[in-house]
Amino acid sequence: MQSYLLRRILYAIPIAIGVSIVCFSLVYIAPGDPLETVLPPDATAAMVAQIKHIYGFDKPIPVQYVIWLGRVLVGNFGISIADGRPVILEVGQALANTGLLALYAVPLAFTLGYAMGAVAGCFPGGWLDRCVTGTAVAGVSVPNYWLGIVLVILFSVQYMWLPATGMGPDGVSQLHLLQWTDLKYFVLPVITLAMIPIGIIARSTRAAVAEIRNQDFVQTLRAKGLSEWAVIRHVLKNALPPAMAVMGLQFGYLLGGSILVETVFSWPGSGYLLSKAIINRDVPVLQGTILALSMIFVATNLLVDLLQSLVDPRLRRG
Amino acid sequence: MTAVSAPQAMPLQAERSDAQSDAASLPATVVRSYWQSVGYRLRHDPATLVFAAIVLAIVLAAIFAPLIAPYDPLKESIIGRLKPFGWRGHLLGTDDLGRDMLSRLLYGGRVALLMGVVPVLIASAVGGTLGVFGGFVGGWVNTATMRTMDVFYAFPSVLLAVAIAGAMGGGIANGMIALTLVFIPPICRVAETATTQVRSLDFIEAARASGARPLTIIRHHVLGNVLGPVFIYASSLVSVSMLLASGLSFLGLGVRPPTPDWGLMLSTLRQSIWVVPWVCALPGLAIFITSVCFNLVSDGLRAAMDVRM
Amino acid sequence: MSPAIAAAAPSAAPNGSPTGNPTGSPSGDPRDRGGPRQPLLIATDLHKHFAVKGGRGKVVRAVDGVSFTVRKGETLGVVGESGCGKSTLARLLLHLIAPDTGELVFDGDTVGAPRGIAVSQLRRQVQMVFQDSYSSLNPRMPVRDSVAFGPFVQGARKPEARDIARRMLGQVGLDADLFGPRYPHELSGGQKQRVNIARALATGPRMVVLDEPVSALDKSVEAQVLNLLLDLKHRFGLTYLFISHDLSVVRYIADRVLVMYLGRVVELGPSESLFRRPLHPYTQALLASRPSMDPARRIEEPPISGDPPNPIDPPSGCRFHTRCPFAEAVCAARDPLLPAAVGADAHAADAHAAACHIQDPASGHSLAAHPQAPEAPPLAAAGTLGHA
């Protein structure tokens, strides 16, 4: 067991290094001189020379990578071109805001998706099953930002129940999570973000539940005289690991998909930061945000794998 | 947006018993090749056929947009801005610059389909080749290839597409490059898995025992068994590609204005939802419908092709 | 037809040699070198080890020093439990995997040596029928194309290859028009094996290695396929290496039998002699463990106890000593060698020998001075058995 844990962690390290290399090279695939991408447009010659020295642009690329890696590991992600603030501060704040959304979206997606999938899997072929499967297919095909817009049209424009944008009337620092005045800003973004994972989790859970119900050990349970409800509990317990695995992958979707949803709702999270960075051609922020998000994704995948091996002993050998 | 998901396992079919087969030495049913039986199953699958027809209609509408569109999609109008459905002959209203929505939607389909199909095609060619050779050769070459692919797998697809397209500066070509790079790793993985599975089967060894060279074996024995899963998987990626592409356009990383593109239209019209909400929602509806239909057709193809013989 | 293919394509031998005549080899085969007394295949000291994944340097000793000869026109049976290395051996003979050490000599030419025979040439003369009839045929190809692939690869043009496939399907008893266009999933197990046999023979080999060809078939079908194999052997003057774990099958079809245990040869000899009077305790146990229909022959306990040992970590000395009822100290200390049964001498090739200390009077085993067989001829043979 421990060797599996160790191996899995060790395996994550070259992946993380690879990810960092990809992030590093973003600056170089940008058109134009890499130096210009990290300089504000009105830089003086002195600034240019200073940046050149700090970044080491005159050195060969592998050396630049090591320099960059060194800086990144101590938290120096560079300076934002747009507003001159350290990138890491902006990224940190933005991540916290996205994290708030995820805090609500993840449990919502998992419980609703699992419940829908379980119900559909227990009554395969029935109308419930068809509903759930239809919703799941729709969920996978819908552009989530469009869904957000439609929800805004419905709930903000037509029926003025919920606010259209923003993260709170008084700004981030004054957020009270338990007051409706602030909570109502969460409703639409969270629902939008959770819609697609609900569909995917529902689909996978349904498949898992339907498959498990057909397995021999379920027949054995019934033959032993367990009530149907108890049998269902067993089945649902067995369907948890695959659902968890899917949820883990969907967390990555949340990180990525948040880009679009946050843009729609002007939610000051990492996704919004990223889209602003794109508009402003603010490469340090772009690089920093992508690095942070992808590292979180790698760590999450690792965590999900480890948790899964704890829950499902069959996986420990792998 | 979905992360590209793994393909499903192939079901096994029970073998015929000798008694059954000898008794049926004169075949009661027609002997069909694999592709013939795929065609048979598709012909008898009404749901998939319906959606395939819709997809065809969308494709034709996009191709013949210049002939069908009632107005010039680029023609602006100062008085006719943000008008609702049916206003003075504009069936679907007008956008924020007075351009006809229906025409822009039709033309927008061209970009959408292009961005949906081309990256998947290129990624299939590149990823498929890499996967088949890696899977066949095995050893450290294969490990190195798959580990490199794993690095790209470590990014959520939207993030990777935005990162590459964003860094490169947007535009339709950069968008296609970004999407192609996003799709190569999963297709490579599907091809490699299928090839590795086939490679361990005895008939490959028998082919080697006959004296065939590796390239001959790949051509005659491996490809026929690998193209199926790769094709199924690639077809499911078309809708993902469309969604990603429209997402890139929404963020300003796709087509440049004034070219009509559904994602871009949605982005610019977002400000105007307070005026004519449902007109502004139309481009997203177009994306949604097209994506759903492609998904269902791909599911139908999978059901028809995914039978292990 | 191109001359090379015409020469190689199987044609019925004018004088089919009956089974059991080990010296008959079809006259008129232009590829024959060295005549009927030269063994068709000589395997010398073959070794093949596989590294255990993640096992820190441990190896599976799949084949660990195997030597034997195969004479022209005979059927050599190879018997052993699963894990004894039979399938690895089969693949070594066709050079589908390369041996770590050891040598193969085919009709006088060393395989892979500069002046000998190349692997590609070897593959024109030796073919294999695989065990799993399902996975040994490409599910996406009609069976006639699978059969035609071999000749096609070896130079025939497509129409010629198709013709050969048609003929071969007929030779194995399948109507080419009826069964040719079928796919493997549309055939029964027995029919699939016939196709496999047709595929192996399509390139006109002189020797066929059969790896458990009837193990997965029903008994009635098994009999048909075995008879087909015998029939084809007569017709085409073939030499067989027949691998099986089923002793009755091997007894029916083989002229000589080789018994393997954990990668080694433990006994080798003519079929009737081996079955009537097995020399090695393992062979004795195998034979005794066959279920019998005779109520008088009931056995109380299984003749072999324990599980087969781990091929990664075989026991010291004689590998069988942990399960052998006659094991003594010398068995754990030293490895008994199989007396030389290799070589071109026909007399030695008829010898029946076992790798067991009991058979070696100089070993120090308490039973060694009086070998188990009471009959006189083995004693004379024991005199020629040296400690090789």
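For the reader, a short list of remarks on this structure follows.
Each chain gets a letter, A, B and C, in the order it is written, and its residues are counted from 1.
The rule we apply is simple: a contact is a pair of C-beta atoms (placed from the backbone, for glycine too) under 8 Å apart; a residue touches a chain by one contact, two chains touch by 3 or more.
The model shown is predicted, which means the values in this text are computed figures rather than measured ones.
Least step count on the touch graph, subunit A to subunit B: 1. Once CA atoms are averaged chain by chain and compared with the all-protein CA average, the nearest chain turns out to be B.
Relative to subunit C, the most remote chain by averaged C-alpha coordinates is A. Per-chain Cα centroids separate subunit A from subunit B by 23 Å. One inter-chain figure worth recording: subunit B and subunit C are separated by 51 Å, centre to centre, where each centre is the mean of the chain's CA atoms. Remark: subunit A and subunit C have CA centroids separated by 59 Å (rounded to whole angstrom). Considering their complex, residues 13, 15-22, 25-27, 31, 33-34, 201-203, 205-212, 216, 220-221, 224-225, 308-309 of subunit B touch subunit C. Considering their complex, residues 91, 94, 96, 120, 123-124, 127-128, 130-132, 134-142, 146, 149-150, 153-154, 178, 181-191, 196, 199-200, 203, 217-218, 220-221 of subunit C touch subunit B. Those residues of subunit B that touch subunit A in the complex are listed here as 1-3, 5, 147-148, 150-152, 154-159, 162-164, 166-170, 239, 243, 246-247, 250-253, 263, 266, 270, 273-274, 277-278, 280-281, 283-285, 287-288, 291-292, 294-296, 299. Partner subunit B is touched in their complex by these residues of subunit A: 14-16, 18-19, 21-23, 26-27, 29-31, 137-138, 140-147, 149-150, 152-153, 157-158, 196, 200, 249-250, 252-253, 255-257, 259-260, 263-264, 274-275, 277-279, 281, 283, 286, 290, 293-294, 297-298, 301.
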